[in-house]
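A, B, C and D are the chain letters, set down in written order, and residue numbers restart from 1 in every chain.
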Amino acid sequence: MDSVPAAVAAPQHDLARHFTHVRGRSVQLAAPLSPEDALLQSMADASPAKWHLAHTTWFFERFVLASRPGYTPWDPAWDYLFNSYYKSLGPAHARPQRGLLSRPSLQQVHAYRRHVDEQVLAQLRDGDLGSDALQHLQLGLHHEQQHQELLLTDIKHAFWCNPLQPPYRDDLPIAVSAPSAQGWVEQGERIVSIGASAWPQHAAFAYDNESPVHRVLLPAHALAERPLSNAEYRAFIDAGGYRDPRWWLSEGWALREAEQWQHPLYWDDDLLREFTLGGWRQLDPHAPVCHLSYYEADACARWAGARLPTEFEWEAAAATQPVEGHFADDDQLHPHAGQGRGIRQLFGDVWEWTSSAYGAYPGFRPFAGNLGEYNGKFMCGQWVLRGGSCATPRGHVRASYRNFFMPPARWQFSGMRLARDLS
Amino acid sequence: MDSVPAAVAAPQHDLARHFTHVRGRSVQLAAPLSPEDALLQSMADASPAKWHLAHTTWFFERFVLASRPGYTPWDPAWDYLFNSYYKSLGPAHARPQRGLLSRPSLQQVHAYRRHVDEQVLAQLRDGDLGSDALQHLQLGLHHEQQHQELLLTDIKHAFWCNPLQPPYRDDLPIAVSAPSAQGWVEQGERIVSIGASAWPQHAAFAYDNESPVHRVLLPAHALAERPLSNAEYRAFIDAGGYRDPRWWLSEGWALREAEQWQHPLYWDDDLLREFTLGGWRQLDPHAPVCHLSYYEADACARWAGARLPTEFEWEAAAATQPVEGHFADDDQLHPHAGQGRGIRQLFGDVWEWTSSAYGAYPGFRPFAGNLGEYNGKFMCGQWVLRGGSCATPRGHVRASYRNFFMPPARWQFSGMRLARDLS
Amino acid sequence: MDSVPAAVAAPQHDLARHFTHVRGRSVQLAAPLSPEDALLQSMADASPAKWHLAHTTWFFERFVLASRPGYTPWDPAWDYLFNSYYKSLGPAHARPQRGLLSRPSLQQVHAYRRHVDEQVLAQLRDGDLGSDALQHLQLGLHHEQQHQELLLTDIKHAFWCNPLQPPYRDDLPIAVSAPSAQGWVEQGERIVSIGASAWPQHAAFAYDNESPVHRVLLPAHALAERPLSNAEYRAFIDAGGYRDPRWWLSEGWALREAEQWQHPLYWDDDLLREFTLGGWRQLDPHAPVCHLSYYEADACARWAGARLPTEFEWEAAAATQPVEGHFADDDQLHPHAGQGRGIRQLFGDVWEWTSSAYGAYPGFRPFAGNLGEYNGKFMCGQWVLRGGSCATPRGHVRASYRNFFMPPARWQFSGMRLARDLS
Amino acid sequence: MDSVPAAVAAPQHDLARHFTHVRGRSVQLAAPLSPEDALLQSMADASPAKWHLAHTTWFFERFVLASRPGYTPWDPAWDYLFNSYYKSLGPAHARPQRGLLSRPSLQQVHAYRRHVDEQVLAQLRDGDLGSDALQHLQLGLHHEQQHQELLLTDIKHAFWCNPLQPPYRDDLPIAVSAPSAQGWVEQGERIVSIGASAWPQHAAFAYDNESPVHRVLLPAHALAERPLSNAEYRAFIDAGGYRDPRWWLSEGWALREAEQWQHPLYWDDDLLREFTLGGWRQLDPHAPVCHLSYYEADACARWAGARLPTEFEWEAAAATQPVEGHFADDDQLHPHAGQGRGIRQLFGDVWEWTSSAYGAYPGFRPFAGNLGEYNGKFMCGQWVLRGGSCATPRGHVRASYRNFFMPPARWQFSGMRLARDLS
């Protein structure tokens, strides 16, 4: 029946298996954390791990379970606590106060997870979910994967704020490092197809901000074959890059002065070591540089006589590549050097800042209903990053995937790739 | 000789005449202001009129006169006071402190202006200016025109902050108002040429941020024939637009709540009157709405089932139109309704917010030398406005002209035009 | 030998018993808290319960154990974490960041407590502690009692910030309430003796800020027999006290406007219920009003045609009274109405704001050495409160005891007693 | 008739002469300022000279002229502009915005002054003023003298904020400097009479905060014979006083760190020169140190093994001295060394910080009516200074006079005198 989108036709036991896997993965990521660790909120932009666990569950409760008439909420008071920013669903707890929620306890949140999981799986099994609910369930899994990455980057920041600077895990392997040649891939002017078909009208999942597919004229340009390395970024520092306003955007320089930045976040002042999810380590010169703000990435590119790629240049290059790389599932949780030749390492390791402000594609339609608030209302003041990182779940990203953060943000695994105009 | 750009070949007595005209116009605009008025700085984003008068003069002294060996500065201490933001020229007085410069006096600043004018005109007459200096002189005149508009918008804000709310001038005429039909102009997908050739390599002046000329693929879309009117914006207010977060960007809504916005800046709470450079007046329902932030323009467009145009859509439409409209020289200093049919009123009256973040065109090269700081370093966090306003000097704008402000800015004559996707 | 102060002559097994009691009481007070609760820091002025437990232990480690040559610290890194503000001992972790210390865990802090307790008790038993160490031990117990009260007031605030507003304990009894007559006790002008003899030179413990004993001339005045009740404060509210600037100090009114105060902290807007350590309860009209800022107490007194007493008037009245009242040991943890006639309820229930700025007595000498920072450096901008509260450990306060907080502080059990000039 | 207070019986032509003198002096003090200078407001705590001129005039209009039935205000809109903080008289323009009042012009304010002066003098001449109005007139003159001092300290700060740092006057003489011996005057414990009889009930003028006369028991103490000199304060700096938290109050140290204080306000970093109302000058080692915050004065005293005197110790010493010294009328406008022996220089040159928090005397009654807001509502968070300065009009201060500022304030001519406990 053509009114049932293809997405819904997916065998429901596959969906149940995937649901179980994703939901389990969140629990697994939180496992190294004590209840105290799981409460930490080190800045307004970050959230406690416990909050991530609860909010992702709330998402399923609110958008899947609660859509059935007569549904009895787990606890009506939690609706206020774990709504992130959906104003159409009512008021939400203030974001900077999330770290004050010692109650409900981590244990209660885990019970909440189990309860919701059981209900969702039962309804899946019984075929009780209509097409809207099934779509929300699918969306909820992608949503949960986003929060899995945030859980990691948020706890990294929180542990770094503790003078004891404990590792998130002390069993993370250290990747063997090797130099990898850099080069440029040139492209003449051409029209490319950007974006993904709108889901759920089409079967393949994509966020609303990735659609519709549309045509973009790319100018002639060259892209660096791989992300910039720590050693290459170090050269920018050594050349006085953090002392010379010439390379910097005006508001980037003001922030650099105010915050006294001298190097990427998590680097030691000796420029030899960096703080990782596995604790303090030697900086790997060949690994992609990360934890850059947009301002730093932009300044370094300018110093290098280059620029950052647009998100379209990046996507056009990525569209021809397999979505392979180092992801969170590899359990390294830190970027490392790639191998090979030609354009590479577009996926995984580090998100790549693009020069594109995050905005709507021509013909953009937000998701229907309350979920319309998911992406659209942030389309101002944020910059697009592409490709996923070592903290992104494998399978979560794709060539058309658009991540976005404010230019000052440094606590994501955010790196850079150079681009150049050809003309 | 082909090393002399065309711009320099312009007859020098024309340039002298133009110089005299533009410089005189600034003095004329400041004439209604007392020395006390000319010192007002009502917010960090605004500058005192006296500072505008001095800084534009400093520009000629520093970039034209001081380029000659052996030049004796008017007063070496003033270099620090009237440098705006050129870090390569040394430190500058903090912007929010400009309102504390009771010295030098307005009278001294006028003497400074006369001195610099005499020197520039003498050098022009004597042919003492090399091609660089001549280019800087030309640039300085465009620069001065920008400050003429700011002088007007800044003093409007300052007077509005005074509980007495005096008019800037009490002799400004009130334009006769008449309704003007609205309609849509549709365009299919097409590739257009955007931007201006780089000056001074080409004769026609353009800022560096307008170049190079490049090709852009526009999607199929429709543009409103004229800017949105006060009456049309009032419908948005009446429909509860300022109370419904659904229409608003997330950070726009947060600002609206913090600042308790209920209507455009300068409107009275009765929604019947507005503060103008001629004092308080009845709101003209047919005149273009203005003094909107980007957030308000964007929210109103969304409420209307439309969107803001991209700067490219705007420019493509404008490229076919004569640069005609209501400008500052008309001495009304307030937007009013236009007449006619078809796409119109692109120039003058109100700057139109576009949905385009202000960034570099592919192949962008900043002006050479210290003037490279003129535009490029602001290419983050600002949005493009197009077309000029009732406070823009006639002759200053063109189809490729890019103005830019932060999304919260409301004190410019900033309005909006609707656009729609066709698909 | 007369160089050994009397304090040190106290039988050491009594000291050991007292040490064990006080240290155990802290653990007991923290018992209702989960590790998550114990990490909460709801504002910069408050500290997590875990931090209180660790800091009080650090005090014994640093000032008692570490004074012996060759002492091996429990963990050198903790010195930085749990130093509160002793600049002479080196840098300390920033106060507002205490809530980010998920590590060390609550469990580790308890192990730390046990370790230090064992060492202290062993040294006490073995007679290894010199007179300085013994004095520091005694001081440390008084110090710990102060933190016991803060632990209670801080967690009350933290739980109130949680939208779920959980009780600290759900087994706290509710006191039976009865009206208690109010009256005035008059005193003619007289010279009184204020303060306590300096410890440890004299046997009885007192903080340095209570000494030396000195003579003060009190004017003729009257003191209310008991603290102001909720019902009496409610009359101030009902009379428009929170809407009339006439009663308020200038900076108090500004704060009231900014924070939109309409009633004491923890009262419901219905003026019928209040949040307590036992959760939400009906307001008891006869119980002493509490959780007032200095500004509110001062305004209410002015409205009542009275004033707050000076700390000297208070002390002179208290000096003749037994130190009896409702203290934390009574396990009610909320003020309730007293009984009897004449001047009463000076001790316990609520701290009473005085009109005295906290300053040095004539001849004041801070404690020797690093402990000189204990009290003296706060002698500016704080106001004196007297008498202890329902959250103060029994035995901690005395007539000469001076507590002090900033005028805006409301989260302590701070109430008021009226006074009047007689003349 | 005994219901007419003595104050009113003063020959009215004397009052007229005094009125004319004081009012004229304000105009004289503003004479060196251009209209632009007179608009400067360099911080929220300071006001423009023009505002001082207008507000003092408003005081006479509001409290003297407007008390007569049928009075026609000069301009009803000005009431809002020039009310400082009398909430009982209606809302007032926000203090930090006073620098935005280019209108009314300085010229208009001078016309306002002349108008009000004429009306007041006419009513005085015609005997039209009742006793209340006459008292308000007297109070208004003392009020105006306070603002004369503020006009000087505010413009000094404003000119110092201008990078050109112009002198207020370039014709101020430089006093000849000579060393003056320092010593201590000892006093045993005694009861002293403090304060002034309430005006207008008694003929001699005093502010409400100086009364009633009451008895205070002073402890045995010693007072330094003269204020601390620049050379003596320099020794504190040279001894590392600004680098050692040991000497500082906790919040003083925090402010010192935040503001990076290394010396008194207006000193050059070379510690050799200071900015004065006559421009930059060599520091006079023998002159009293000034432009200290309370924190600096307190820290220096502690370093010197001394303390600041209480306001009662100061007043008891001053009560026996003639009110002589260097005042504003001497036209030096900068403190200089005194001569002689014994306790001296209590009046004029520099205000002396005392250790007394500003509060109410026992039995304090604010002025009647709206003027009750004059002093009482600031009795929290401010510290008392005594004795007047080189910027205080001669005749304005007396032994019982209490000035008060917040501890961080440095822009007044605030110095210090040492005291010591004797015991």
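By our rule, a residue touches a chain if its C-beta (ideal position, glycine included) is under 8 Å from a C-beta of that chain, and two chains touch if they have at least 3 such contacts.
Note that the structure is predicted; figures quoted are calculated from it, not measured.
With contact taken as defined at the outset, there is no chain that touches subunit A as well as subunit C. Minimum number of contact steps separating subunit B from subunit C: 2. The greatest centre-to-centre distance from subunit C, using averaged C-alpha positions, is reached by B.
Once the centre of each chain is set as its mean CA position, subunit C and subunit D turn out to be 38 Å apart. Centre to centre, using the average C-alpha position, subunit B and subunit D are separated by 47 Å.
Per-chain Cα centroids separate subunit A from subunit D by 60 Å.
Under the contact definition stated at the top, not a single residue of subunit B touches 2 or more other chains. Chains touching one another, given as pairs, are A-B, A-C, B-D, C-D. Contact residues of subunit A toward subunit C in the complex are 34-40, 42, 77, 80-81, 93, 97, 99-106, 158, 161-164, 166.
Across the complex, subunit D is touched by residues 85, 87-88, 189, 191, 212, 214-217, 219, 221, 245-246, 248-253, 294-295, 298, 307, 355-357, 359-360, 362-363, 377-381, 407, 421, 423 of subunit C.
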